[in-house]
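Next come two complexes, and both contain subunit A; in the first it sits with subunit B, in the second with subunit C.
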Partner chain A sequence: MSELLQFVFSGLTVGAVYALVALGFTIIYNASEVVNFSQGEFVMLGGMLTVFIFEAGLPLWGAAFLAIFITALVGVLLNKLAIEPARGASVVNLIIITIGASIFLRGLAQIIFDKQLHRYPSFSGDDPLHIAGATLLPQSIWVMFGAAFVFAGLYAFFTRTLTGKAILATANNRLAARLVGINTNFIMALSFGLSAAVGATAGVLVTPITLTSYDIGVMLALKGFAAAMLGGMGNPFGALVGGLFIGLIEATTAGYLTSEYKDAAAFIVILLTLFVMPQGLFGAKSMERV
Partner chain B sequence: MTAYLPPRVRALIILTILIALAPMLFPSSFYYRVGTLIFINSIAVIGLVILIGYAGQISLGHAGFSGIGAYACALGPVHLGLHPFASLILGAVVSALLAWFVGRPILRLKGHYLAVATLGLGMLISMVLTNETQLTGGPDGMAVEGLGLAKAVRETLGFKVKTSVVWYWFGGGMLLIGAWLALNLYNSPTGRVLRSLHDSEIAAKTVGADVARYKLVAFVISAAYASVAGSLLALFNRFITPDIASFLHSVELVTMTVLGGAGSVLGGIAGATLLTALPQVLTMFHEYEHVMLGLIMMLVMIFMRDGLLPTLRKLMLRRAIP
Partner chain C sequence: MKLKEVFKTTTLAAATAAMTTLATPAFAEILIGSTLAITGRASFLGDPEAKTLAMLVDEVNAAGGVNGEPIKLIQYDDGGDPNKARTFATRLVEDDEVVAVIGGTTSGATMAMIPIFEENEIPFISLAGAVAIIDPVKKWVFKTPHTDRMACEKIFTDMQANGISKIGMISGTGGFGKSMRGQCLDVAGNYQIEVVADETYGPSDSDMTPQLTNIKNAEGIQAVVNPGFGQGPAIVTRNYRQLGIDLPLYQSHGVASKSFIELAGDAAEGVRLPAAALLVASDLADDDPQKPVVTGYIKAYEAATGEPVSTFGGHAYDAFKMLVAAMETAGSSDPEAVRDALENTRGFVGTGGVVNMSAEDHLGLDLSAFKMLEIRDGNWTIVE
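Let's look at the complex of A and B:
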C-alpha cells in the first residue's frame, strides 16, 4: 500500500508537469489552432534561465520570476516572427514551423548556456516528508500546488476578466471576435506569452527534482502533446486530466512492471483511447463545413 | 520535343540525367557518400510524398518503419541465415503488414490526432529497438553485414571500384525504380482516388470511393518505402543504431517531404537533397548547426508555403510570361 502511495506521489509530480505543458498547448491551440511543438523548449528555458540568473547572483525567487518573464517574451516574439507571418498556412506547414522553432531554440540554448545538466536548490529544503510509509519531497508539493495554482488562476482569468473572455471569444470565432472590437492580434500575442509563462513555470518548479539541460524539451513536448490530445485538444480540463493520467501510468508501470517501457505504456494507452474515442476523452466533436 | 512527353517520363528523364551527371562535379569520393545518402533518404521521402502529398495524411512516425527495415537487415543474416537482400524484402513485408494491421484504426483519426497516433506508433517501435538489448544491441547499435557490392563488381566485371562509388550507382538505380513506381501511381485510378482524398475526403466519399481502404493503401505503400530506405541505410553504413527510428528522424523525413514540395516526387527529392546536404555544409559552423537548420525550416515554410520546387517553378513561369 505504501508502495502504491509512493508511485502515486511521483506520478502526480511528473503528471503535474505534463499537465502544465499540455495546458500551454491548449492555450495556444485555442487562440490560433496552432499546435506549438516548441512548448517543451519553454519548460527548458524556464529552468535554464533560472539556473544562470541565480548563479549570476540574484536571489532564487527573483531569478525564477525573471526567467518566467523572459520566456514569456520569447513566446511573444515567436508569435510575432514565425506564426503571424504564416497566417493561413496548412497544418503540416505550421507543425514544421514550430518544430523548426523548437530546434532553433534548442540550438540557441546550447550556444548561450552549455550542454551540462544543471539544478538549483529546492525551495524548501530536501528533507522528505513521511506519509503513511511513503516519502514525499517538499519540492514535489511545490510542483503539485504550483500546477494547481496556475490552473486555478487561469480558470479565474478566463471566466472573470474581460481580457480572458476576449481570448475565449477569439478561440470561438476569430471573425466575430474582431467584429465586436477585440484586437485579435493582441490576443494571439497574449496567448503565446501566457503559454510560454505556463511552460516556464513548470520548468522553474521541477528543475530541482529532475534537473535541466538544453535538450529536455523534446520529450516533454511529446508527453504534453499526447496529454493534451488524450484529454481532447483545446480543453484545459482535459489537459489537466490527461497530464496527471499519463504521469500516473508512467509511475505505476515503472514501479510494478518495467522502467524501460514506462514511456511505452503511456503511448499504448493513448493509442487505445484514440481508437475508441477519436476526439480524446473530453474533446468536443468537431464538425467540418463542406 | 520534351513538351510532348508525359510529365512522369519527363520527371524520370530529368532525374536520370541529374544522377548521371552529378559525379562530374564531385571533387572527392566523399561526395559519392553524400550522394548515396541523398538517394536513400529520397526513397523514404517518396513514400511520404504518396502519403502526405497524394493522400493528404500526416505521419510523425515513419522512421519507425525505417527502423524495422534497418534491423531486418541487421538481424536477418545473423539469426535467419537470410541473404541481406532477402532481409530487405522481409523488412518491407513486415513493415507493410504492421502498417496494414494498425493503419485502419489509426487512419480513422484526423489532423493532429492522426499526428499523435502515428507519433506514438513510431515511439513504440523505437523503444522496442532501444530496449531489447540482447537482440538489437540497445542504444549502442549493432554491426550489419554488407551487400558486398564492390566485391561483386570486382569478381564479375574484373575491375576495382570504391564501395562508395558502386553504392552511388546502386542507390541511384533504386531511387529511379522507387520514383518510377510513385510516378506511375500518380495517374493511375488508385492515385486519382488518393489525390481526391487530399482535396476533399467528403467529396471522395460522396462519389463512392472507399476512403478508408485507399488511405490504408497509401499508408502501407509509404511504410514499405520507409522500410526499404532503412534497410539500404543499414547495408550502406554497415552499422545501425535505434536513432534511425527516433522521433527526430520521423520529423526529418516529413520536413524533407514538405520543404521540397510535398505534392510531387521531384519536389520530395529536392527536399531530401537539401536537408541531407545541408548538415554536411553546416558542420563548418558546427556550433550553429541546429540554429541554422531551425531557421531554414521556419523561413522556407513561411515564405515558400508550397515548398521549394513549386515556388521556384512559379517564379520561373512568371518570368516566362511577361
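Let's look at the complex of A and C:
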C-alpha cells in the first residue's frame, strides 16, 4: 500500500512539472493558434536567471521575481523582433520561427551563463514529509500548488476578463477582432509576455527538483507539449490533467512493470488517446471550413 | 633589354624557391592532430581537454620542442558527432599529414575514427571511456581514461571488503550508464556479488523514487550502485535520502566533480565512488608518485585558464605527455617508431595513474589507478 502511495506521489511530482510547462503553451496558442516551441526555453530562463541572480547575492524570492520579469520581457521582445515582422505568415511559418527562436535562446544561454548543471535550495527545506509510509518533498507541494494556482489564474483570465476574451477573439479571427476595436498587436505582445512569465514561474518552481542547465528546455518542452496535446491544446484544464496523467502513468509503469518502458508506456497512451480523440481529452471539437 | 629583366626576375624567384625548399628541414615542425567535442553536449569534457592540449603545446615549444623540433597542434571541433569526427580524422591524415592524433572526446566519435587511423597507420590516443576502444587491442589505438569495467571492479572490491554480496543497480539509459551497467553485470560474478534488483532511468528524468522504492523492497539487499552521469545521479542521490534508504550508495567515476556535491547537497554525505587521484591531489600521501604530477598539472592549468581543473583535462594531459615521451624515446616523429615507443611505455606517471603498456594492453592502468572516495562534510575523503 505504501508502495502505491509512493508511486502516486512520484507521479504527481513529475506530473505537476509537466502540467506547469503545458499551461505555458495554452496562452500563445489561444492568441494565435501557434504552438510556441521556445516555451521550454522560457522555463530554462526562469531557472537559470534565478540561479545566477541568487548567486549574485539577492534573496531567493527576489531573484525568482526578477527572473520571471526578465523572462516576460524576453517573451515580449521575441514577439516584437521575430513574430511581428512575419505578420501575415501562416501558422506553420510562425511555428518554425519559434523553433528558430528556441535554438537561438539556447545558444545565447550557453554563452551568457555556462554549460553546467545548477540548482538552488528548495523553498521549504529538503526534509521529506512522511505520509502513511510514503515520502513527499515539500518542493513537490510547491510545484503542485504552483500548477493549481497558474491553472486557476488562467481559467479565470480566459473566461472572466475582457482581455482574456480579447485574446480568444484574436485567435478566432484577427480581422474581426480588430474591427470590434481590439488592439491585436498589443494582444500578441501580452500573450507572449504572459506565456513567458508562466514558463519562467514553472522554471523557478521545478529547478530544485529537476536541476537546470542551458539545454533543459528541450525535454521539458517535449513532455509539456505531450501533456498539452493529451489534455487538448489551448485548454488550461486539459493541460493540468494531461500533465498529471502522464506523470502518473510513468511512475506506475516504472514501479509495477519495468522502468525500461516507462516513456514508451506514456507515449502509447498519448497515441491511443489521439487516435480515438484527435482533439485531446478536453479540447474543443473543431471543424475546418472548406 | 626586357628579356634580360625577365630572365633576372625568374632566376631570382627560382633561387628564392630553392632556398625555401632547402631551408624547410631546419624549421621542421611535428604536426600533431586533434579532434575534440569542444562544443555540444560533451563540451564539459572536450573544453578542458582542448585547453589542456593548447597549454602543453606552448609549454613544450617554450622549452625547445621535442628532439629539437617544435610541435604544431592542428585542432578540430567535432561537437561529439561521430560523422564529423570521421571527416576530421580523414582530413588530419590526408590533408594535414599529421604524425599522431589525440582525440575523440566521446566513445562514439572514437569508434568512428579508429578504422581511418588503423588503415593509414597513424598512432591514435583516445580520451574516451568505453572498454571497446582497446578491447580487443588494435595496433595503432591507445587510450588514457580508466574504463567503466575498472570502475565496476573497484566498486565490487570495496563491497567485498565490507562483506556486501547482494546489491541493487539503478542505471541511466544514456551511453555511459548503459555501457557501465553491462560491464558491472558482467564482472559481478567474479566478486561473488549478486544483483538482486536492476532498474533504469532516462537521462532527463526528474524523479526516480518508484525505481528506488522497488530496490528498497528487494529481498536481502545490502548496497546500491548508480552508473550514470549528468543530472541523473544527483537526483537519484536526493531521492535515495528522501526515501530514507540506509544502505551504502555507490556512484561511478562519471560524477567525480565538485558540481555533483553541490547538486546533491546534504544527500551526498556518505556516498562512495571510485575516482582518479587528481580529485584529491592535496590529500595524497607525500610519497605517492602521482602527487607531484597532479599538483603540477593543477597549478599550471589553473594559472593558464583561471578555471578549476577536471579529471577530463587530465586525460588529455596524460595523452600528450605520453606521446611526447614516446617521440623522445624513439628519437624521431616517424609514426611507426612512435607507435612502438608508445606500446613500450613503462612506469609513466600521469594524472590517471601509473601506465604500463604492452602489446596486449593499450591502456596500461590497473585498479590502483582508482582511489575509493567517500563524501564527508561536502568534501572527498580517501577511504582505503
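As a convention for this text, the second predicted complex is superposed on the first by the 285 of 290 C-alpha atoms of A that agree within 3 Å, B and C clash if a C-alpha of one lies under 4 Å from a C-alpha of the other, contacts with A are read in each partner's own complex, and residues count from 1 in each chain.
Rule of thumb we're sticking to: contacts are C-beta pairs under 8 Å (C-beta built on N, C-alpha and C of every residue); 3 or more make two chains touch, one makes a residue touch a chain.
Being a predicted model, the structure only gives us computed values, none of them experimental.
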{"item": "Which of subunit B and subunit C A:I111 touches, first, second, both or neither", "value": "first"}
{"item": "Which of subunit B and subunit C A:D263 touches, first, second, both or neither", "value": "both"}
{"item": "Partner chain(s) touched by A:A64 [first = subunit B, second = subunit C, both, neither]", "value": "neither"}
{"item": "Touching partner for A:M229 - first (subunit B), second (subunit C), both, neither", "value": "first"}
{"item": "Touched partner set for A:V21, first subunit B, second subunit C, both or neither", "value": "neither"}
{"item": "First (subunit B), second (subunit C), both or neither touched by A:T135", "value": "second"}
{"item": "First (subunit B), second (subunit C), both or neither touched by A:I99", "value": "first"}
{"item": "Which superposed partner A:F275 touches (first subunit B, second subunit C, both, neither)", "value": "first"}
{"item": "Contacts of A:V43 with subunit B and subunit C, given as first, second, both or neither", "value": "neither"}
{"item": "Winner by number of subunit A residues touched, once subunit B and subunit C are compared", "value": "B"}
{"item": "Footprint overlap on subunit A, where subunit B in one structure and subunit C in the other make contact", "value": "260, 263"}
{"item": "For the subunit A and subunit C complex, residues of the former touching the latter", "value": "3, 6-7, 9-10, 13-14, 17, 115-119, 121, 126, 128, 135, 137, 206, 209-211, 213, 215-216, 219, 251-252, 254-255, 259-260, 262-263"}
{"item": "Touch list for subunit B against partner subunit A, complex", "value": "52, 58, 105-106, 108-113, 115-117, 119-121, 123-124, 127-128, 131, 200, 202-203, 247-248, 251, 254-255, 258-259, 262, 287-298, 301-302, 305"}
{"item": "Residues on subunit A engaged by subunit B in the complex (per definition of touch)", "value": "35, 82, 85-86, 89-97, 99-108, 110-111, 218, 222, 225-226, 229, 233, 260-261, 263-264, 267-268, 270-271, 274-275, 278-280, 288, 290"}
{"item": "Subunit A-touching residues of subunit C, taken from the complex the two chains share", "value": "41, 43-44, 47, 173, 199-202, 204-207, 209-211, 213-214, 217, 230-231, 234-235, 238, 241-244, 259, 262-263, 265-267"}
